[in-house]
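Two complexes follow with chain A in common, the first pairing it with chain B and the second with chain C.
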Partner chain A sequence: MTQHASPPRDDTPKMSPMEGPSPWRALTARADVRTLSLLGVLAALIIIGGITKPDQFLDTRNLQLVLTQASVIGVVTVGMTFVIVSGGIDLSVGAIVALASVWATTVATQEFGFLGILFTSVIVGVGCGLVNGMLIAYGAMVPFIATLAMLASARGLALQITDGSTQVVTVQSVLDLGGRDSYILGIPPLVMVFAVVTVIGWLLLNRTTFGRRTVAVGGNAEAARLAGIDVRRQRLYLYLLSGLCCGIAAFLLVVLSGSGQNTNGNLYELDAIAAAIIGGTLLSGGRGTIVGSVLGVLIFTTITNIFALNNLQSDVQQIAKGAIIVAAVLVQRRTAHTT
Partner chain B sequence: MPEFTSRRGLLFGTAAVGAGAFLTGCTSNESSDEPASNDQPAADDKPGKQVTIGFAGPQADHGWLNAINENAKSRAKKYKDVTLEITEGSNDTAAQIGQIETLINKKVDVLVILPADGKALTQIGLQAMRADIPVVNLDRIFNSPQAYRCWIGGDNYGMGLNAGHYIGEKLKDKKNARVIELAGLDNLELTQQRTQGFDAALKNYPNIKKVARQAADFTVESGQAKMSQLLQAQSNFDALWNHDDDQGVGALRAIDQAGRDDFLMVGGAGALSAFQAIKADDGVLKATVLYPPTMAASAIDLARALGQGKGVGGLAEFEIPASLTLYSAVVDKENVDQYMSTGFK
Partner chain C sequence: MASEPPLLTMSGITKSFPGVRALDGVDLDVQPGEVHCLLGQNGAGKSTLIKVLAGAHQPDSGTINWRGAPVTLRSPIAAMRLGIATIYQELDLVEGLSVAENVYLGHEPTAAGFVVRRKGARASTAALLKRLGHPEIDPARLVGDLSAAHQQIVSMARALSHDVRLIVMDEPSAALDPDEVDNLFRIVGDLTADGVAVIYISHRLEEIRRIGDRVTVLKDGRAVAGGLPAKSTPTREVVALMTGRNVEYVFPERPVHDALPDPVLEVKGLAREGEFAPLDLTLRPGEIVGLAGLVGSGRSEILETIYGARKPTAGQVLVEGRRLKPGSVRDAVRAGLGLAPEERKAQALLMLESVTRNVSVSSMSRFSYGGWLDRSGEREAALKATRELSLRPDNPSVPVRTLSGGNQQKAVLARWLLRGCRVLLLDEPTRGVDVGARAELYAVIRRLADEGLAVLLVSSEVPEVLGLADRVLVLREGQVVHTAPAQELDEPRVLDLVMEGTPAS
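For the complex of A and B:
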């Protein structure tokens, strides 16, 4: 699997100067083909949705619905993409979302109102990311293990805080933010946050030294270190970033569901990884695009939406989802190789 | 490391400590509400022989299971002659087996077991029975009747049946009535049973058709997601049955966000938030069908009766029954006050 992809990895340290020579161009061209094939998959889904349920699927409300549902996992996926591009993995994202959403909706936090809830979700996310980052960067732990440990303890802490009960949000301004009245020009605020996070993520990965360092660390950490990059600090920042994204996602989830529950964010880690992989991010690091990951998320959300509108049951949904993941990756590989 | 003593470092450090202090204050969940409980008088309050009851359940990771533990504890406290040995809940079969073995070794008089997985824990039930410790099997049933002396639990089929009949009676005069179902986790047998019961009840009403069904997974998040899609798919319908009040919090949120109020909704399980909404009567939620967590309190009653060699008060038998299926009562505005204290959070 990773064999095919090794040539671009070897090139990565070289492409640190932005306007690099031809390998860099070849890489962007290839990325574009991948993105185009993803758009093709999405277009095919939209056609299927449009044919099977024209009235309900091709509807502004449905578009708002799909984008809103995508925004929580979408924000998580942006952070996850950075981590995977750097050659790491963050298995704790779902648990961090759960812990942050639960911590932000306790009776005590809710007394601080809107800002209290927002601040708490973000800080808890960042705090968990900081612990992950310290363990991985300075404790020299394998990301898989460090974040697995975080997964377990964050879920445990979330359960301890809630005692298993559902914490309903009573702060009206938070609830209002998820309502139809707060849409600006027909765009739900949650979707706006998702869009802003995506744009910042794209800029950060493609237009800054931070992004190039991330790619370099993922491509070949040793070469990156020799080239003068502080690899450990870079890793710390990346897990912080992932934690921050989880914190933002937790706030969005609190707004969307009007509650905090320790079961929140169930299996987000797998959804986010799957979306990033479908989007063309290499699991071994060194390559990945934000646009691809976001398209991956949208493909998943659209599939779920089409299934629900057609009243297909869970069994069929799960079988088809697996098949579509395989198909999307195969189509991408095909197109990437023929060009 | 010079950075750590710089002014920037100091500022960040102070901010971090401040945020930490703020956050620690934010974990408190103290509120004035009482936990889910049971106020029914104990069946036979006359103290008898001392009985030690061992209680083993799964990890209380959601409101209903938490209420199960609370009910067992508070019921045991009502009896002067009962000592309750309660284990740390676990969803891991092996861990739960270990906990039950410990209870057997401690030679408790009676065991009350709510297995994480009934089939997987059958052997430990058999083992306890062979060690002459009678087992009260709570809700999730063991594979073999030899593994328990008495089974007490809820009725998933009956939940569906009663929800279907309630909706059917409300809609019986409406032509071409449309009903949708928001089910629980489809991987569980209990979800299939609830759906079968619901479908069976609706068959009695030829004017009603179930037009859509989607499965959520008992979480608020999934309830919100699936319900918003259902609302998008069905521009008009007359009634909704939601299997579970926890996911119902999310479903109600989706209904609110979509601005819909043109149908009646029936919930399931009996959460406090659902009871409050039914009492307030200002939304679509008009009723909920019980899957009562008070069964844990009744299980303690049965275990005590077993330990003291008595039957159940109010029945003519000398022994407690071998099997007790609880009724899934429909709670609506008329009777909600009676059930309010049993609602779980």
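For the complex of A and C:
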């Protein structure tokens, strides 16, 4: 075996950026190239928006709107990122958002006021996550199948509850939360919730044993098991977490729209997966970043906004989104080859 | 045979994968109508060699001559067109298709160029199956519904559906019952009588004696012996070629134990049906016990069952008198067991992660304050553990995949050192480890034992077991055939036991 030459050759270039004295190199080593390029894409989009529609795009109200829209899908994406990092997938997020939002806005629930709506959203989300998690972790079902079944049943249940009608929120405190008067220093409360979820998600993934176990399960489930990690319990927690995020997102959506509809959260699963993927999370698991996912969400939401302001139809938006996903994955594969 | 030109001559075949040189200048020649056996341990390069021959891998260098003319096997189809068929160990059949569809997959008899002539395919499949001695297999049945033995027959029928001159069989007898093996040998005999050559891969020397003409032995990607007579080469010589070393190893000195403490690990009647027979074993702190045996003797299965990664069908494992929950890795780890598995990359390492994270993964609760990780404490502890084992480079933040095999193994050992484990289960600890780095690893293992760890060591390299262990259990086909202090055994004696299984007198 002629292996002795290989290790030094491999680690010299990797060690140097960490030890390099230049602050720029230290920064690029920390925030990796992908995060910087996502920031670059976002900056380019903002410039495009500013040039094409200078008055409307850069208007404070429009920026507030973009961030508010990003909040709902953003919270879902944070949960989705954890699931994908663990090597799983959650196709039911959109349906859970729909079910939680309609359950939280039934006449019966609304009698309990603000807390009733909040509590119901979260509990329904967590409950659906629990079912997903049990089926996957202890029922040994493939995540794709289990969450696909949840997608179908949760949507069906949501339709059954509403009978297709829009359930208008009559609780004034909930409606107020979505109004401009509730903004603090110009920041909508919904955006603050998104920010808090992002920060907690980042800490959870990067600074806790929970995050470490998630990465280990996604990177090599067999090795994690043989290292003494309870892989099944970890999987259960991960789908619970995703359900919790869906419950929070459902509440945000109820606040934002002042209603609950069974069509809520349509195709959120695809948007969340796409945002996580372009953010640099490996679909095969074992690697992912919350920052990347959030940037992915912001990029998608900004594109939608710019296209809408320029009166471009949603079909063009869809094509642009598809192109971005393909480009991001190609870049991802290239960087994977070089490391 | 010498008068005829060889059917196949492979010379100087080299093939590297990232980090491994799988084949290092292998020569192989095959005569028409002969059964040429390939022998070698796992990882010796047999699979890579036959994949090169099947066109599935492209060699980095070397030449292949087929019937006197140089050829390039660019793809499996190219190899098949020449008349080289391969029957892989993991059968490459499509379970959702019928027997006939599988046999003619990719070269279906067609009418008008694209309409599959199902009847024609079924009739000729039936003829092939009859020739193979299995007329009872219905060509219309789904392959997924067949037994493993019948699937193998289908695989063979597929090989014969081509105009084949050379069939490569990768451990064809592994999944077969004894009478099915007899049938296999009859088929091999028929084929060779027709002038078809067979490359036969097996671990079972008695099979090679029965049907082989010549033997080539691979070790560490090299052909250490080519074209030995299969029937007359002494067993000992063949096995020594397979397992033997060209280098003398320095083993650490064995300490003299006056009295060892009470056993830390007791295994009582532990068994897994079909894998290994009831096993009793005690392990004391400071002691290294070796399990010697060939591939398939149940070595890894025993370790993994003790560790809880496989559920035993009988028996129990006790650590310091406490019975472990059967089939629970977590319970075993909590009780102080640690496993360095055979397949390091697949079973132990998080290849995308740093050395630190690989080392700390089993001890995370120690650095956790209510789930919050103390990352500097983690880093320091990992650094301390890796330094203790002189892991190179001396920087645990590098990704574990950049490490050499020996240092990756040290990362796994550091994991259990940090965890503070008391029983270390080592499965082929020097697999894929540089010759130069092995002695260092041996010293590390002995030092860990001296510090009070109990070590259970599995190795297919007999000198390694004899040199490192205090006590040796010899395994053959899932059964302990001999137990003795290592000093009372020598390599030929162990090889005899491993091959023939004659219990000690």
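By our rule, the second predicted complex is superposed on the first by the 296 of 339 C-alpha atoms of A that agree within 3 Å, B and C clash if a C-alpha of one lies under 4 Å from a C-alpha of the other, contacts with A are read in each partner's own complex, and residues count from 1 in each chain.
Basically, contacts are C-beta pairs under 8 Å (C-beta built on N, C-alpha and C of every residue); 3 or more make two chains touch, one makes a residue touch a chain.
Everything numeric in this text was worked out from a predicted model, so none of it was measured.
Look at A:61: by the touch rule set out above, it reaches chain B but stays clear of chain C.
In the superposition on chain A, contact of A:108 is made with chain B only, not with chain C.
Contacts of A:199 after superposition: neither chain B nor chain C is touched.
Once the two complexes are overlaid on the shared chain, A:305 sits against chain B while remaining clear of chain C.
By the touch criterion defined above, A:44 reaches neither chain B nor chain C.
Between chain B and chain C, more residues of chain A are touched by B. Of the two partner chains placed by superposition, only chain C is touched by A:228; chain B is not.
In the superposition on chain A, A:36 makes contact with neither chain B nor chain C.
Of the two partner chains placed around the shared chain by superposition, chain B is the only one that A:120 touches, whereas chain C remains out of contact. Partner chain A is touched in their complex by these residues of chain B: 19-20, 22-23, 25-31, 59-63, 65-66, 186-187, 211-215, 217-221, 223-226, 228-230, 232-233, 235, 246, 249-250, 253, 256-259, 271, 273, 344-345. Of all residues in chain A, those touching chain B in their complex are 53, 55-56, 59, 61-62, 65, 68-69, 103-104, 106-109, 112, 116, 119-120, 123-124, 127, 159, 161-168, 178-180, 253, 256-259, 261-266, 304-305, 308-311, 313-315. If you check the complex, the residues on chain C that touch chain A are 19-21, 24, 220-221, 307, 309, 329-330, 332-334, 339, 341, 346-353, 357, 361-362, 364-365, 367-368, 371-373, 375, 392-393, 395, 397-399, 402-405, 407, 415, 432, 434-437. Residue ranges on chain A touching chain C, taken from their complex, read 1-4, 6-8, 10-11, 14-15, 18, 207-210, 212-213, 215-216, 219-220, 222-230, 286-287.
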